[in-house]
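First the structure, then my questions, so here it is.
A, B, C, D, E and F are the chain letters, set down in written order, and residue numbers restart from 1 in every chain.
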Amino acid sequence: MEPVLTAILTVGAIGMLAGLILGVTAKIFYVHVDPRIGHVADILPGANCGGCGYAGCTDLAAAIVQGNAPANACKAASDELAQKIASMLGISVDQQERQVAQIFCHGDAAHAQRKFVYLGIQDCRAAQLVSGGDKACTYGCLGLGTCVQGCFFGALHMGPNGLPVVDTELCTGCGSCTKICPRHIPKLIPVSQKAAAFCSSHDAGKVVKEICEVGCIGCGLCKKVCPENAVEIDKFLSVVDPAKCTGCGKCFEKCPTGIIQSVVLTRDLKKKAA
Amino acid sequence: MNSGRLRGGIQFSCPLTGLSSPFEGIPSPPKVIVPLQQDQGGVCTPRVKKHDVVLVGQLIGESPNQNGASIHAPLSGKVTEVIKAFQDIHGRAIPAVAIESDGQSQRFEAQAGAEPFAALQGAGVVDFDRMTVPLAAKLEEARARKVNTLIVNALDIEPLLSSRGRLLLEEVQAIAAGIDAVRKTLDVNRVLLAADADANEAIAAATKTFGGSVQILPLRNKYPQAVDYLIAKRALNVEVPFAHGVRIADIGALVVGVEAMTAVGRNQPVVERFISVANGKGHIKNLRVPIGTPIGTVLEHCRITPEPGGKILAGGPMTGPAVAGLDQPVTKEFLGIYVQGRREVVKPAEAVCIKCGLCVEACPMRLMPFLISGFAEKGMLAETQNYDIFTCIECGCCAYICPVRIPMVQFITFAKKQIMDQRKDA
Amino acid sequence: MQDYLLMIVAAMFINNIVLIRFMGNCPVVGVTSSYESAVGMGAAVIFVATMAGTTCWIIQKTILEVLGIEYLQTLVFILVIAALVQFVEILMQKVAPPLYRALGIFLPLITTNCMVFGVSVLNIKEEHSFMQTLIFSLASAVGFALVLLFMAGLRERMDATGRVPSLLRGVPITLITAGMMGLSFAGLLGMA
Amino acid sequence: MAARIVNEFTKGFWKEIAPLRFALGICPSLAVSTKVESALGMGFAVVFVLCMSNVLISAVRNLVPDKVRIAVFISIIATGVVIVELVMQAYFYPLFLVLGIWIPLIVVNCIVLGRAEAFARKNTIPLSLSDGMGMGLGFTLSLVVISSIREILGSGTWLGMLVMPEAYPGFGFLLRPPGAFVIFGLILGIMNVISARIEKKTA
Amino acid sequence: MSLRELIQMVLVLTIVTSVCAGGLAAVKLVTKEQIDYQQIKFIKEPALKKILTDYDNDPISDRLQIVTGKDARGRDVKTTFFLAKKGGDVTSLAFEAGGSGYGGPIGVMIAIDPKGGIVQAVAVTTQSETPGLGSKIVDDPDFPSQFSKKPVSANFNLAAAGGEIQAISGATVSSSGVSTAVSRGVELYQNVKSQLGL
Amino acid sequence: MKQPEFVVSAWPHIHSGNSVRNMMLHLIIALLPAVAAAFFVFGVDTLRVVTIAIISAVFWDAVLQKIFKRSLSIGDLNAAASGLMFAMLMPATVPWWVLVVGTLVMLLLGKHVYGGLGCNPFNGVLIAYVALLLSYPGLVGDTPVPTSDMMMTQNPPLMELKEKGAEFLDETFPLQDLFLGSTLITGTIGEISKLALLVGGLFLILRRKISWIIPTGFLIGLAGVATIFWLIDPETYASPLFHLLAGGSLLAAFFLATDWTTSPVTKTGMALFALVCGVMTMAIRLWSQWPEGAYFAVFMVSMLTPFFDKLRPKIFGSKFNHQRQAQS
């Protein structure tokens, strides 16, 4: 029995000493760190996309805990996660409609002219710096897929026609693609939006007609036929107000270039969820 | 001679035939398009309307500020259109004036007697270095910083361009007048003239004209020594840390190209450009071209038919921007036109740097181009700055020498742009 | 003196704790993606390993061996290391917050770093004297930190100008590179 | 509940197979994988320690103050390790000689403390046991895979049995430390390929 | 942090470590015998097999422990002697002695014929010398065989130290470790010869 | 849609014509004299080894490019050059399967896992050499090789030094034979004629394919250490000249330490790298179990290349004195 006692007493004593030292130092050198920051950071997606405007997810977590940012500040987190954060912190969230990105240019190789053959770095931002990009339209998609690289959630891919395509189910509406695109072609719209003119050109109709078959020429027919007054023409470009648009489809028929089209994001989502 | 050594750079072996070919005029084009921004000084305000009749040298675009360079009609004739968004060689959408020639070439009489220095803005003189800048801005800076040394740069910037060497020979009197004018306005007590050591005739002419008043600095051709900073280094043995905001004027020097000195000496609005035309086979012609002449017209005159799939450069083969079409007009930003055939086009690489170090050896700024470009490719912008990306003058020596043909200059310009954008955002 | 010198060289390079003795690989893989973290981890380990090595040696000689309970070595040593690491962490957080911010995140990782515990055990196994323990622990930890640093250097270069296939990027290629570093150390075979 | 137990058990074999997925516990995976036999020995030692520590830690999880959490956990783990050490010395002495210092080093195997921190201290005893078992067996599996490759290509044998032709010269490089790193790295790469394939299929 | 928490912390840690230690001590008690046997079997037996040639018993079972001295703290140091017998007669007496080499301690098993007072053979049990250099003390049979068949009165030091043993070139330290071990062993044998009762 | 006519890209628009293929071709040409010298000593076996090495290197390169889904680029001659270089480190007696295994290791671990040409932190040739040396010590490395005389099987010089000491080296290996190469001297294929290596190396330097700094620094570092020891005790230690001319000193100095990918690019970095390589070579020759240290040294020191490359040139304008010069 003696060896057992020796063991118990020695190691017990070492354990006690360790406990004492730790306890006493912890008492003397106490530094408060809000444990909730860690918990919130755990809930956040951890993509560090920066879409929220903070330097990464942990930074945002600290801001949320300190009340400097709302619980749903993360563009990439679902409502469910925001709710989870809010209930953990005992605060409330304003419900906001989910936004997704759409590509506001349909000018693929078959429909839009190019000024020259571009050789060089395969990055839209770099291409934009070489004589302003190869596309004749200075507003149109360059098609080198920088937005695809920029999406943290794999929601974009290049379609067969050389234009990016958004997977609306994967898109979190973080807006990284909008920011990274030198021409800001991907734009965020509410999922419930029912119509949009998929063009970004503010060029005059005459110029657009020369270089692109599917551009908005700013003729204003859509504005004229819209019964809800949901369409505005902003410098030769038709813009649909999602709050007013009912998706009646009158403008689709009238548009001479067919660029104002129906958008069916919600159904798409429902189908996928089912 | 207190001259500094140039490390790195490229010794081109191309023949200097251009030096012996005199400037030719070209037949006045029937129609010109004059973009209203041709330098870094900002967009000029149109001073003519559609259907206005203009004379050669008449103001058509007024500089937006005191130290800019205004733009003048190169032809006499009728304004057919003031274009709002003309896409220039850089892809910028800027206003431009289209003029239809009346075949008269009647000159507009400028109000005489203006002092050259004050008239620079009005005369629209620009100087060409890495970019085109209004000479007035340069002189204003020189005056503010009490510059006492004038370095006249008669070195051609790139291989196969020879307009400066030729100007020194043909316009030596105008250059002399220009130097005198600058001497009068600035407190310059020392004038140096950097010239290509192989331009014997021009150096002889300069020596004869200037006597002892101008110190001539014959330099062996080495690209890119004609850049302002490197001229300053070779002439004065001082390296200006321009990336840290120090200017050449801060060391008391002003570097001006001979074409700007010629224009000052002539004291007339700038309406034509001295350019060299060359293609893959070598130098073709030295020309005096009215500003606004379409490149196509110039090439027709030189009997060059560009090949589809080839390239047209607004400048030399090292740093000239490639242009999209033959209808682009010659502007003050042109030092020459270089035409490249389909097979001569350099295809950038898919491959990866093999760290051979040739670019490091070639870089005249003693940078590590492969690393800067590598960081730039990966979007590691902070690291590019640690490796002094802003000291890069984008001369292209690195990409020229690289065995795997990495488009280093494009990566570097791309990264610089991104950094500038970030700074703007912050 | 010469013996100590040889011991330093041997512990740092010839029998490098990571490349030859296989200890402390997790941080070599985990925290070498940047110089800063490599330096931070290296510094933290140098500090902790030296402290732990000597403390454990003293406990072994004055308590465990005296009482004949050497078989409890594992339990006692790891307890000491865990307490030591946590002690340092708490202390640093208060006394030197900037240092804590730089090194702090690495400290908890050190408890489970084989290298610290391994060095403590090796000191006993190889019957080092106190002086030898001090030197061996320090030199081994420096050898570890050097490997971290070299790896960070190679990885930075790979990141900047390499094109590692995406499926091997990160941990796999770091392991392979560590293997190559170890392979080159075969040149030192027979030196000690 | 039963489903969860099964789930916690099986995740250790592919989804969260420890050394391969998280780059934890690399050292022993490299050091004791020259032979399948020692890999198995090491693996089972870890299974034992993991199960024991997970169960005990889960049992005391609500009694331990946060500040001494790590110290307590690691004491429990160390106890398991010493038991393994003693038992192995008593009954599997040759194995003990081969594994040497790596037996006490189980105490710092990141997986063990990692499971305590990440799992056992937040979950019930049955779940923790299942997790420990799964993780431990997953670790064993990784060791066996690595050591199989090394033993077969390196010495031409598997578990001591000759599996390659008599004349096979054996690639000794793989039995050396660098060979271990390389094989480990390549296996990780191959796993990435397989995962990517699976993901593509399910997507 | 309150005092209560502090006490709780210390208490928990003390109890846990005590319980752990107690458990381990129990396990150790249970396994001790078996571990001793295994150690002897796997470490000593190969060396014994090498040096003992002519016997018909199991020397591992026929072993005896004798107190051969005191260590620095005054505790007894015991040495195990293995007896090889043939027809009941002790033909050899084997035991281990130690010296220190280049890479650490060196253990040497020595077999002595108690009747003739002759060192029969010597084999290295444990060593950690440089492979290919110091490890020749094991790999090179010529080196240990130098010790064989020498009377216990011989000088087992290296030639350089006035003895009869030729060192392995390039591994003087390792060689000297072995020769020191043998010298010590022989000396120890001389001291305890009487206690062995042979 | 109208097709665009001209190409637009960033400058520069012309190129020097340098290419990987061109550089590899230079390397191959530079090694030919050494191959010829080896042929003189070992006969047809030389060609056997060289041919198998090159063919299997090219084969593995193609296979691995396929596996790693890269475009086929055996046309850049890199695999052929590496294969030839690898053969230089092999004795003429090496079995064919060792070459096949070696080239696989070389191209897998020294090229493709890192992403292809130019990404590897360590030279594939050296990786393969050391891996084989550890696996098949009797078949590669410093083994006695029968020469075409077939009269005797002679130890390579450094092995003789390791085993028998420096005493009779001068008689066994006349310096002239070490330099020119002769049937008295064995070793790997690339270690036979130092003259041939020197010719090849100078060719590369003059064609500006490698920098003169690395070979110079390497040999200075090696000779420096050798001289110190030789001066201390010429009986025990071989002369610096012997160390320079024996084994792989020159091969490593001109062809391995200069490998672009794994050596520094800055002049200061190159100089330090080379000196450390030279010193390390001697350390391994003196104190390790290996007779030859040059290859290990280059392999090991390339680990430090990223650090040597931190010693970059002072950039343009860095010497500018902001206070003084701004006023003048």
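Some observations on this one:
Note that in this section a residue touches a chain if its C-beta (ideal position, glycine included) is under 8 Å from a C-beta of that chain, and two chains touch if they have at least 3 such contacts.
Being a predicted model, the structure only gives us computed values, none of them experimental.
Shared contact partners of chain B and chain F are A, C. Distance from the centre of chain B peaks at E, each centre being the average of the chain's Cα atoms. Of the two chain pairs considered here, C-D and D-E, the higher C-beta contact count falls to C-D. With centres set at the average Cα position, the gap from chain A to chain E is 72 Å. Inter-chain centre distance (chain D to chain F, centres taken as mean C-alpha positions): 41 Å. With centres set at the average Cα position, the gap from chain B to chain C is 59 Å. Touching two or more other chains at once are residues 69, 71-72, 75, 79, 82-83, 86, 161-163, 165, 168, 173, 176, 180, 183, 186, 189-190 of chain C. Touching of two or more other chains is recorded for residues 3, 6-7, 10-11, 14-15, 18-19, 22-23, 26, 30, 115-117, 119-121, 129-131 of chain A. Residues of chain F found to touch two or more other chains are 4-10, 109, 113, 115-116, 118-119, 131, 134, 289, 309.
Within the complex, the chain A residues that touch chain B are 115-117, 119-121, 123, 125-126, 128-133, 138, 203, 207. Residues of chain A that touch chain E in their complex: 3-4, 6-16, 18-20, 22-24, 26-27, 30. For chain F in complex with chain C, the touching residues are 68, 109, 113-116, 118-119, 121-122, 126-127, 130-131, 133-134, 280, 284, 287-290, 293, 296-297, 299-300, 302-307, 309. For chain D in complex with chain A, the residues that touch the partner chain are 67-68, 71, 75. Residues 109-121, 129-131, 134, 213 of chain A touch chain F in their complex.
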